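I'd like to ask some things about the structure below.
Here the chain labels run A, B and C in written order, and each chain numbers its own residues starting at 1.
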Amino acid sequence: MRNSLIALLIFAALAAAPPVIGGYWTGQLTGYLVYGLLAISLSLVWGYGGILCFGQAMFFGIGGYIMAVITKGMVLPDITSSYLGLIAAMAGAALFALALGYFLFAGRGISGAYLAIITLAIALVLERLMNNWYGLGGYNGLLNVPPIKLTFFGASFELWDRVPTFYAILIVVAVIFFGTTALLNSAYGLRLTACRTHPDRLASLGYSVLNIRLSVFSLSAAIAGLAGALFVTLDGFASPTLIGFTLSTEALIWVAIGGKEMLLAAFLGAILTRTAESWLSEIFGDYWILILGIAFMISVVLLPKGLLATPLEKLTEGKRR
Amino acid sequence: MSELLPVFLDVTSYVLILVLVALGLMIVFGMMGVINMAHGELFMIGAFVMVAAQGAGLPFLAGLVLAPLVVGFLGLLIETALIRHIYHRPLDTILATWGLSIALKQLIVLSFGPESQSVTLPLDGTLTLGAFSYPLYRLVLMAVSAVLIGGTFWLFIRTDFGLMARAVIARPTTAATLGIDTRRMYRWSFVIGTALAGLAGALVAPIISVDPQMGLGYLVPGFLSILVGGAGALAGVLVGGAVVGGVGNLLAVWISPVAALITVYILAILIIRLKPEGILGGRRAK
Amino acid sequence: MLEITGLSAGYGEALVLRDVSCRIAKGQVTALMGRNGMGKTTLLKTIMGLIRAQSGRINFDGASIETRPTHLISRAGIGYVPQGREIFDDFTVRDNLRLSLMGHDAATALPFDKIYGWFPILKERETQRAGTFSGGQQQILAIARALIAGPKLLLLDEPTEGIQPSIVQEIGLQLAKIARETGLSILVVEQNVEMVRILADQVMFMENGAIRESCDIATLRRDDALLHRYLSV
């Protein structure tokens, strides 16, 4: 409960931000929110589901490409609804995850370090594939992806401007965040914890460990797919970098620095790392990446729970007393 | 025949280098359970030591001696400052060494620039036998790699160090109760693994593009080789390296390199999924 | 030789050993008896440094060893034969023994011939893979592996577990002979009463993580009330 209160405060602060930070930074922050959504999906599957996925961006990229293909009218020229695109992006990413998850986890499944290496290899394969899939733009990707078009009761509104786009995306992110939090606080969350820590015992109680792993893998993929779909409407293009290995590992860094076992910390980890990057990379230039790599290392060694999760947990515990 | 022979030799030289890189990874993974994601960067730094040595006017052989020394010393630092503190948290070693790989890559970008460097061939002759001709350096490279691989196997199978190392791999606590300093074994195995990567990097520097991003291209195939061959026995690396390196390069003769790479990755993933203990079998199936 | 005072140790939060104190004199063979789960194995592991003492002291040969790493405890002269034997299956007999020598100072080490004289079966099978051995032969190898380093104190954890009775007696007699011959001290965790009667001079009884009682072997021979109380046999 306390946790949600802090989350509410943080979302309220985000909602109040645009007038304070101005147009340019509002645009930047919108992008960071979408990265935050990717971080939420990774925290869900890794921190809660116990599945270390080194290729989370593949779901992001799949969602992005599906969104681009649909809203550009490349599938059905007459149906270019943003809603359809978003739903298809989520469903497509989730279905891909379901198939991949079944392949990886069924029977004597793969876990731990092996899983990390295999997901890394799959992300590399997908990136190469997209680079050479000329029907989908190949290396250059798909350009001129239209912005999100909101339609209610016949009226329609295209999200071209920064501020309305920011609020639309903030609402989506908030809904996903609080929805996922509620899900994790339910009996499902308990099963997920049990599945992560004692899969054998859970299996002996009659639960299907495979089904739980598949559900969290697909759910997380759907969220990542949604993030990817939102992202391409912001930038106006979908490229192989969305699906690849670099974004996957960046997401890992955000989530590890923030705190993988806490959705809020992972979300803030993405936003703060990106913000720091845009400020500090100007100051430090090429040294920034060096600093980031070292900070990541130190945070893994000294604060395995995360740089942000540690103080955030203190804060919530302090209020409980 | 004379057309296929150079292809076969190219494939063999690639496989040998891949095995050399994978051996270092395997020693560290098999012994400490540590996944060293920075191994590719250590390979890359080996190549850059060669670049720097040639830049300083040193002969090729000096670079070949310096590279394993410099990279091995770096390995010693990494073990002391980083790995030692987290080797009981295997998944965290993946992340921490990933951070390290980012930092090392950027360190090289800052000192040498992001562009690719060239290393001059120490031997630019070709061996010609009738209709067949082949660059001499590549033949030397193959011979040296084969000797190094053989030497590593000898070290782990025939020597006292190897006996202790295999004991620590099989039963670390029992080895300690017999008076063996397991921490010291971990440290020196890590150093040997990294020095091998550095030496491999220096050896191939003249025939590949040397740039700060080159590590990943060897890291992932290296890991796949270990998992495909089986992490239990050292010989698994030979089989895995031959499958991952050999199949990919042979396929590239008939289909595009990208299609070949995708095919071989998928093949490797399938083998790992269907036979998690690897082709030769191994103990650490997880 | 070995003196333990107020030792507490366990796994994480759960204490297994509570305030254990005992002494083992030089050249003495002490058996540690008690039902399963009373902390006997934990005591041996704590002496070897495989489990860290949370409080208390372990003195060996006049030096405190409770904070030393395992390999240094071994090198100080404590040999350890773990439960389940834990020999190296893929190594030959000779390599199993060599391994133990590599971990120790050559000055205390015994020659191979001495070991082979005590356990001729090992000489016969010197180049065989240890994994092909029967349980009893593996046990002999594990004991030999500890002895070849020339320890002053030997810790044995259930050496008769899962071994056929004829070999139990053979091992017991041989160990008793070695102890007499070399002045080796032994601390043996054992459930097998016959083995204890063959081998031990002293018996300690453990219950709920503490040593409750001890007596010499003559007392035990006269009266088995203690056995009934602590082992419910």
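Note that in this section contacts are C-beta pairs under 8 Å (C-beta built on N, C-alpha and C of every residue); 3 or more make two chains touch, one makes a residue touch a chain.
Just so it is clear, the structure is predicted and the values come from calculations on it, not from any experiment.
Participant: Based on mean C-alpha positions, which chain is nearest the centroid of every protein C-alpha shown?
Facilitator: Central chain is B.
Participant: Relative to chain C, which chain has the most distant C-alpha mean position?
Facilitator: A
Participant: Take the average of all CA coordinates in chain B, do the same for chain C, and state the distance between these two points in whole angstrom.
Facilitator: 43
Participant: What is the distance in Å between the mean C-alpha positions of chain A and chain C?
Facilitator: Each chain's C-alpha centroid was found; their separation is 56 Å.
Participant: Measuring centre to centre with CA averages, how many angstrom lie between chain A and chain B?
Facilitator: Each chain reduced to its C-alpha mean, chain A and chain B end up 33 Å apart.
Participant: Tell me, which parts of chain C touch chain B in their complex?
Facilitator: 48, 50, 69-71, 74-75, 80, 82, 86, 88-91, 95, 98-100, 102-104, 145-146, 149
Participant: Could you please specify the touching residues of chain B with respect to chain C in the complex?
Facilitator: Where chain B meets chain C, its residues are 160, 163-164, 166-167, 170-171, 173-183.
Participant: Touching residues of chain B toward chain A in the complex: what are they?
Facilitator: Per the touch definition, chain B meets chain A at residues 33, 35, 82, 85-86, 89-92, 94-96, 98-107, 109-110, 216, 220, 223-224, 227, 256, 258-259, 261-262, 265-266, 268-269, 272-273, 276, 285-286.
Participant: Within their complex, state which residues of chain A touch chain B.
Facilitator: Touching chain B from chain A are residues 52, 103-104, 108, 110-114, 116-118, 120-122, 124-125, 128-129, 131-132, 245, 249, 252-253, 256, 286-287, 289-290, 292-298, 300-301, 304.
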